[in-house]
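Order of writing sets the chain letters: A, B, C, D and E. Residues in each chain are counted from 1.
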Amino acid sequence: MLVSCVAYQGGKRLTDIPINQTHEYLARPDCFVWVALKDPEPSELKALEGEFGLHELAVEDAGKGQQRPKVDEYGASIFVVLHVLEMSGSDITQGEVGVFVGPQYIISVRRGVSQGFSDVRARSEQEPQLLRHGPAYVLYALMDNVVDRYFPIIDHLTDEIADVEERIFSGNTSRGSIEALYGLKGKLLVLRHAASQLLEATGKLQGGRVPPICSGLQDYFRDVYDHLLRLNQAVDNLQDMVTTAISVNLSLLTIQESEVTKRLAAYAALIAVPTLVAGVYGMNFAHMPEIQWVFGYPLAMSIMIGVDVYLFFRFRKAGWL
Amino acid sequence: MLVSCVAYQGGKRLTDIPINQTHEYLARPDCFVWVALKDPEPSELKALEGEFGLHELAVEDAGKGQQRPKVDEYGASIFVVLHVLEMSGSDITQGEVGVFVGPQYIISVRRGVSQGFSDVRARSEQEPQLLRHGPAYVLYALMDNVVDRYFPIIDHLTDEIADVEERIFSGNTSRGSIEALYGLKGKLLVLRHAASQLLEATGKLQGGRVPPICSGLQDYFRDVYDHLLRLNQAVDNLQDMVTTAISVNLSLLTIQESEVTKRLAAYAALIAVPTLVAGVYGMNFAHMPEIQWVFGYPLAMSIMIGVDVYLFFRFRKAGWL
Amino acid sequence: MLVSCVAYQGGKRLTDIPINQTHEYLARPDCFVWVALKDPEPSELKALEGEFGLHELAVEDAGKGQQRPKVDEYGASIFVVLHVLEMSGSDITQGEVGVFVGPQYIISVRRGVSQGFSDVRARSEQEPQLLRHGPAYVLYALMDNVVDRYFPIIDHLTDEIADVEERIFSGNTSRGSIEALYGLKGKLLVLRHAASQLLEATGKLQGGRVPPICSGLQDYFRDVYDHLLRLNQAVDNLQDMVTTAISVNLSLLTIQESEVTKRLAAYAALIAVPTLVAGVYGMNFAHMPEIQWVFGYPLAMSIMIGVDVYLFFRFRKAGWL
Amino acid sequence: MLVSCVAYQGGKRLTDIPINQTHEYLARPDCFVWVALKDPEPSELKALEGEFGLHELAVEDAGKGQQRPKVDEYGASIFVVLHVLEMSGSDITQGEVGVFVGPQYIISVRRGVSQGFSDVRARSEQEPQLLRHGPAYVLYALMDNVVDRYFPIIDHLTDEIADVEERIFSGNTSRGSIEALYGLKGKLLVLRHAASQLLEATGKLQGGRVPPICSGLQDYFRDVYDHLLRLNQAVDNLQDMVTTAISVNLSLLTIQESEVTKRLAAYAALIAVPTLVAGVYGMNFAHMPEIQWVFGYPLAMSIMIGVDVYLFFRFRKAGWL
Amino acid sequence: MLVSCVAYQGGKRLTDIPINQTHEYLARPDCFVWVALKDPEPSELKALEGEFGLHELAVEDAGKGQQRPKVDEYGASIFVVLHVLEMSGSDITQGEVGVFVGPQYIISVRRGVSQGFSDVRARSEQEPQLLRHGPAYVLYALMDNVVDRYFPIIDHLTDEIADVEERIFSGNTSRGSIEALYGLKGKLLVLRHAASQLLEATGKLQGGRVPPICSGLQDYFRDVYDHLLRLNQAVDNLQDMVTTAISVNLSLLTIQESEVTKRLAAYAALIAVPTLVAGVYGMNFAHMPEIQWVFGYPLAMSIMIGVDVYLFFRFRKAGWL
């Protein structure tokens, strides 16, 4: 589905144009076309392939989706794939944006991304002095936006892990908190996957042999690169903490089990000791003076209760109960 | 066993030819021969070695099998080894394809691979404009096909791990689920082995100093390379999840054991408390008023049952029973 | 907030100057300006951007904070970000210093750093022969100071781990010591984060293609680099020890639990054996000679006590009690 | 001890020669000498040092043994150290071969290797067209032979691990199987040590700047390199499986312990319930009708046995017994 | 403290000289001065700095100590830091040697090293043909000596780990053996720290761009490098074994605990069964024929004892007792 197709000249928005009349604007100097698509039909992509002379393999990638984050050069133009992550409830959903960048056009194709990029367009149009850099600047703006969307996810996962920490250190680990740790591990892998491969791809745009179309904007792409590095570091730290939490949790469970054992043993003692006393007075010896006492029975009961009260406080003091 | 031997010119299929008359076609310009063999006899390979001038060490490798995935250059021709993985039941079987690629020939030798490559041939023949690129394009088509076969295996293993996850988080881990995790680890190693080494080998065909025979097709080999990268990433993630599942499972087992201990303790209490009551009324004191009561016995029994009913609900409420 | 703004010539302090009159001193040869800011307002940074011709992206970074440690080149000048770590109680707080270094100016912007850098200024001014090297030397002095502040933290964490070690090897691991290990892991990650990225950034200043502004001072930056390497090594070691401590601790807990089990079993035996004896003499056989003995009862009690005393010493000798 | 000293010309064996008359043959073109030594005396090596002009440090290495696998260049000649692994029972013994390779000589010095290299010599002499390549080809043949000896060890260790797997998954892990896993880890480290360092050393002979003496034989050394890569991969996989087996085993042990606990609890119940019944009928109430019944006693016994039979089948059905 | 200061010419010892008259000898061709210091005062280093023109930062490093192993170039001279490890009891103490090497001098400064380097001097003076290489050869001899001192430590740690293995596989792991494993981990980290960094530093002297002062002696430094590689490999192996031992130990402890549980259960059964029998004969049924038998009591006791004897042998056979 075509979201929009707009021509720009000298950094300023000219007008919305029909998708099949772009060649007219491409003929003008200092002019470029910015096309946004969402879950396009194969026919739409086919039409663009002809209109802009896109490479067959890149179009195939954008059509199929399921690509890894990457920057592929095809002659003077490049094809970039970005993973867009969004929280839906406590799950991470992953969408994809394929971006074709040529000297006079930028085409973004998003799939499975609920929140579009209209804010990128709006902000870019407010800074014509930057937008004058052309399609490569738009690519930077898109990447910057995609990377900025990763940070709230990091924050969400950081909160989740803090939550689990609190639960396990408070001393009652349930299956739930272990499942949460396992789920966190999975989500961090998704985030790491997206961020580390994008980092590698962005590296190609900020240093070394930069594609000609992006040269002059290395400082901007380095900025994105720095954000991704920081993000990767944060993901690494969280992964380390999750791994540590899992192994620490096992120790806590062992302590917890040990405490249960002690509590059970204490209760067992509270039953076993009076049972022993009762056993003693159940013996059939002919000569057991207490047996004949009028207060023998209450005395025995008092002994039982007395011992239990004593034990109860001993156990409580020792932290067993 | 010879599967087929076909001559192509300008991307179009000419005719099936006997294996010993290939030199006639090799003399024509823009013509190449595509030979497919399956578990060949040493004599068959020997004949091909003479016919096409293959390198002795490459022929030896193709004859013995058991090679690692690789791309070896021998002068103007290359020898490629691919591992083909197939699910048979829940096991992975591993076959091998050795491919000799020269300027005018491509020879594939498969061993232990049940499903052949006739679909690669069929699809290639439908796209003469691509097949015109010659043997290197056929190599690409073969590699693409082999790599495409890895993805269903990944899907199968992903399902298997999801299955195990469900079992262990539902709270009754058996030996079976642990053995399944261990088995998964093994299968992932096989897959990783095949994919990572093929990745490395494919890297030589898509960038840097590409063998002359493959130059001009780098974009295609980069496509295979990208798929392999994605595959490797997926395998890495699954490996991480299996490792995490194994360690998380230990915590779950500890919780499970703790639950069993509590349930056993609850039942023990249900027996021990009435035993204590019985012990009390088994004492031989001369003066125990209840003993003489007509309803003493039913009363004692009621106490026992009453206490047990009370304890039972307490334990149930505490989640011990 | 402006902390200070001082002009230097030939390594000697000239005078404090208002921030908007620096151009006068920048015109003189062999003269540079050293500006220190603390949590500046956006307007203050904006003013400096114009005054010194700072790069927009660098100013933005310094304004937002939350950058990773890095060295970015912008033409002839560089922008450096350092993380400053300080212990507050047993927690590590992390501040940031952004440093703009140009041929004739050095501007440090600190955020969330409680202890300033006036001692760096004081020491530098006492060594005019070194300060004559200009802004790059001041950068070295700042980095050296920041790195020196990492070492007391290492010492603190080393003490903490030694403390936990003592606790867990003394045989009574509590939740507290496990939580301490987990906390240590987190603090080490913060320290490692700061040190490893600063190491990488410093590497750019001490070897390979050094930014022109720092050339001639490589030996000094190599010194900082060496300190950071040593620090990283120390952090790695501590991390290894924490990981080992966590896994060793689990074994110690298992031993501890085993000891509790044995102690409980010993106490259970001390109750169960006399209960058995009592049971025996509670049997109703018509012919039980002991029953009729006058000293039967004391004898039975003596047996019970005797057996318990015997068991008690056996258990004590076996280390169960 | 001198094993043999033979002169070759044009790939053909000339004759056995005394060790001190080699210079005569070294003067002939296309002629080389192949010397084999076993656990030589220092004096023997000293003599060779003079005869062939070997480098002092290389001779010292060959004399002391205990070197790591390596390829050292000394001017036009090279010194190679290989580790030879042999199974003796279920242990791996490690021997060493030092090989001096010069333009006209090859000297192999083996230490602690029970099986010699006479088969290498025999096979080489049957292929004079290959042996014509000179000492470097003999080096290849020796390396190929040494590497071939690693594979049976891999097979042996693979069998050992399969054996342990079977033991631990059958549900009765003993100390023995854990010790076996630990032992396997150790043996795999020895194998990995030998193979990975030899891989690195062989890498120098197959690509990049190859020592002149080996140039022209890169394809052969690449073949050895490929075998070593495959071997390393196999060792890595086995190491991963051993590590996984160790961690999985802990889960299995926890399950095993849980099963023991349940079985013990079941037996405890089979004793405790009749004890409770006996306790009830041991109460001294004046009015207990069953007590007076003639069949009271058999009835009570029947209840006890009946309850136990019922429990027994319940427990069996629940898999506790 | 000055240990010695000797002048050498053409590899031969000339004479001991006062430290302030070295310039006289430095003027002669083919002459160098070898100075050895131990825990020097700042003033002594200051004097040397002037006498030999040492670099301020290097002198500062040598004065402070606490450096990491490294090779720093300062113009034509180099400054090398080595860590010297010595066993004191079962602990590793770490000393440091800083070595200044210039074209005509070598100055070694040791701190916290109990055993000096007089044997290096003695051996070097016996080989004037090697000592003729000048200060770089002395550096080699010192490094070789320092590295040689690492090997007995490896042997010691290997023995320690073998000792712990024996203890844990014999089936009674104590806190002591776990603490020993933890201690081993720490010592291995110290050794690894020293060896791996020295390896890296030595790498600079044996290949690539070698400092001019060391060129011509690469073969010798490669020898040191090889020893360090072997050492590193050995440390890696030991670390792997320690890690494996820790995780294997946990399984052994679980088995051990399971055995304790079984033994306790067996003893519990030996008490509980006779208690049940006693309970049965404690029932008050009017018609219990055995009760009236003269031999009822002995019979009951025999049953109790008989059952226990039977159980005892069953348990023993099952390996529970």
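Worth a mention:
Operating definition for what follows: a residue touches a chain if its C-beta (ideal position, glycine included) is under 8 Å from a C-beta of that chain, and two chains touch if they have at least 3 such contacts.
Because the structure is a prediction, the values reported are computed rather than measured.
Rounded to the nearest 5, the angle that brings the Cα atoms of subunit C onto subunit E is 70°. Where subunit A touches subunit B, the two copies mostly use different residue numbers: shared numbers make up under half of all numbers in play. Per-chain CA centroids place subunit D at a distance of 26 Å from subunit E. One simple way to say how far apart two chains are is to compare their mean CA positions; for subunit A and subunit E this gives 42 Å. Touching two or more other chains at once are residues 247, 250, 254, 257, 261, 268, 272, 275, 279, 282-284, 288 of subunit C. Under the stated contact rule, the graph of chain-to-chain touches is a ring, a single cycle where every chain has exactly two partners. Beginning with subunit B and continuing to subunit D, the ring of touching chains reads B, D, E, C, A. Across the complex, subunit D is touched by residues 165, 169, 171, 219-220, 222-223, 226, 229-230, 233, 237, 240-241, 244-245, 247-248, 250-252, 254-255, 257-258, 261-262, 265, 268-269, 272-273, 275-276, 279-280, 282-288 of subunit E. Against subunit B, in their complex, subunit A makes its touches with residues 55, 57, 66-68, 70, 72, 74, 173-175, 178-179, 181-182, 185-186, 189, 193, 197, 243, 246-247, 249-250, 253-254, 256-257, 260-261, 264, 267-268, 271-272, 274-275, 278-279, 281-284, 288, 290-297, 300-301, 304.
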